[in-house]
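By written order: A, B, C and D. Residues from 1 in each chain.
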């Protein structure tokens, strides 16, 4: 297929590289001009504008936040009216932006699929992402072969693109909750003199032997939050997406509230650029353990 | 070895059966007289008093709560002064009771090991428990062969028996937090019209593919809380153990507080005998989804 | 003085009436055309546009929320560039909107004062409002005589208009917290069989003998939430203003989070049009007391 | 009347002095022998044992916590079996202890009244306490004249003595909540550069002009927590009484949970001997403002 890619950061790069390797024609654009340069040497085609990424069968977008999506699509007047290219947005948008984008594409008569992913850049590179996808069935049928190139599994959640974002946001809340739970448990055992790294290794081996717990457990146990795998400031953004989504439907979320305060506390103490597992330092600080 | 077992409920029965099968001499006592009867037919020896369980190499106790432990050991004057039998307490005690029991055994000159387990009765039956053990090194060395019969792994956390209880309590807090996180995420997606069973299956497959998440996720997704695997009222007891432990060392635990209220809410609505995953109904009720 | 008034709802009406009675020339505009009609019969002058309210010495605005302020001032292109009329905004804006309005007036060269008020329409009618005011000193000096007509006291908090909004938002958080505290205390005593109306009367008489506690305590004690003095949905808006303000400066606010969930719970159960004291029903419902 | 007084600390001293001044015969005992000495010079009679305080018409007890009450009454075997002296317990007991004391007195056939007070030692000295009283009607009728000597008002809440304790505990939760609310609001305005003392003075003058808010607001605004009026560690005890009471009746109390963590945080940071208003430092620390 001919595939546009808008947004060539760490995630977008890893995904585009897999598409290139799989033999697709890949047309790359990033708002930051140097972004796609490297892939240009690996067989990708760097294009001059986001509009040029809408010439193929599919355009994948992977922009970092609502503002970037608004700039390129809503304010940028893309996709072109009536384009046949399927737009598959793989970034995590707020529910409000997801709704706005769905309506925007409908008004322009352009097929729109939301396909949110779980996984970090290394999982993207290894084609081990998990994808939750929603949108018009015929459009998803067409892009489905790409999931095999990008991901280890994908799940459809209906024809309203917004639902993929809702699922992604709710899943992220579970990840953030796992981090906070480890942070509190680690603070508790530390206060009694136990080694928190040993404790987390033990519990995660016994009960939670998956990368999410393993990885963040190691970070928390060894207080190793740099370099960040996922910035704490971005983690806070995800918590806010959950809070915003919950306010639209009147869903109290006490864990999300605790997370809100933990992230604010961490940011107030200068940790916004560390890995988001650093909210565990807040649990320790509250107990006077720092 | 000759092994006493005090407390032959669901967990104790499964564990004692494995010891019998492994060829050990097993001497069984339960405060409820009929408890050990079945195992008596399978090769175990039913004894008339808790004191009689302290005649062999090791006495394992698996009583259901602090009150039962107090009755048998502190108020019951056991183990006998100066007994050579190692007492291996495998139940979850409060930190306060753990400290009292450690001092009590020291005063009586009886070797005492705390060996807390993660796993339900079916894991106990399959010898797939995970054990966290603490106490005097020489005593643990002697009981260590039993862990191969009872568990798939064990971890030592030092020579203070209390530490095994602290680790167990902190680990349970992580399990309860996982349940609440699923409950909130499920409520959020339901409010948008997504099927929460499908959602939890998807997220757990992608990110949390372990029995804790799988099992409770299925229960929450299908609102199937009966028969209980672990009573909600007992789950509340575990949360209270974490809260009590945290108050002794001044460790704020906001997730544990949220859990406290979720359990109280569930109990107030008549769910104390359901599986503790039923705290997810509280998240749904708060959102008007019940 | 000649005074424009933009926004003639319940609060604006009560305030404008006092200005008319005090002999000022009052020029009234409301986005809802019928709003000012009544006051037109009492000596006020109904004008045809918001722009016409900017012809006198001062223009007071009292619009209900950020959207209304944005429509009239930011998008509506008011005040007129270089107007000499002091704009005194007495409504509660978000911190973000307050900042935007301050910059907007600066760019237009129009003196801008934020003067937020505590008090319900009956307090406004009785000229018993409390005002917190911020802005350029010379502008405040000029409008100061009006506070005697409208309020029982006013306090200056510096020359940055935003600060009046910050103070108002923080003060409202204290009011909402008082309501939740009464709700929880009332639920606790009810669970023991005490009459919550008697309890609240007693405690408020002993410790909290001020209208905020008296009024909301009576409402909670007698479960009388209709007609609303202040809509629960508006109360939620105020809590959200506090949360939004706290996120800009990284201030964790656990009480505000609890309030968020209480309001969402109440709204999810159909109470958004009741008085905001109805969040006390959430505390009761959680305990199974409804 | 002849009145025994057991527990002559700061509160008991102030109350006993008023009884002496009013012409009553006052018989004083304190577990700490030097406690009553001063009053012995002012017309009081120091007696040798708690039992000796049960010889008159009424015995007032004002011990500092459950442990002290247990030592004197439950374990100490008082009041004497069948004594005609009315025991009026004016201390704040836990609900569990209140229930145990009620049953204990019933078994001994001694009339028992619980009369909990709001007010600090200076209010006790000025006879400005507020009393909530419960117990057998005829017994309360007999002690009622004493309230005029000790308090500015009293309220009856039925014939079950426990109810006075429940009301007291719930009222204290409201006081603690007011402190936390001020702490959070003060942190929020400080983060924006407002002076928190000015802010609290303004809001309290406008909306909360009562000693509870005034006093704690001044302490928070000026960060003046020493000498303590009421120790933070005792404040935590009160919050725990509310939490314990709520667990007996399944009443979720999210504000009490927030308070629990704030007190633990403050204690972990060395503030247990400061005034309990020092939990406001926790709100500031979370925001990086300390």
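We take it that contacts are C-beta pairs under 8 Å (C-beta built on N, C-alpha and C of every residue); 3 or more make two chains touch, one makes a residue touch a chain.
These numbers come from a predicted model, not from an experiment.
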(Q) Taking contact as defined at the start, I'd like the list of chains shared as neighbours by subunit B and subunit D. (A) A, C
Q: Name the chain whose C-alpha centroid is most distant from the C-alpha centroid of subunit B.
A: C
Q) Hey, how far is the Cα centre of subunit B from the one of subunit C, in Å? A) 53
Q | For subunit C paired with subunit D, centre-to-centre distance based on mean C-alpha positions, whole Å | A | 37
(Q) So the centre of each chain is just the mean of its C-alpha atoms; given that, what is the distance between subunit A and subunit C in Å? (A) 39
**Q.** Two or more partner chains touched - positions in subunit D
**A.** 246, 250-254, 258, 261-262, 264-265, 268, 286-288
Q: Would you pull the subunit A residues touching subunit B in the complex into a rising list?
A: 95, 118, 130, 132, 153, 155, 157-158, 162-163, 166-167, 169-171, 173-175, 177-178, 180-182, 184-189, 191-194, 198-199, 202-203, 205-212, 242, 245-246, 249-256, 258, 261-262, 283, 286-288
Q.
Taking the touch rule as given, give the residues of subunit D at its contact with subunit A in the complex, in rising order.
A. 254, 261, 264-265, 268-270, 286-288
Q: Please give the residue numbers of subunit A that touch subunit C in the complex, ascending.
A: 240, 243, 246-247, 250-254, 257-258, 260-262, 264-265, 267-268
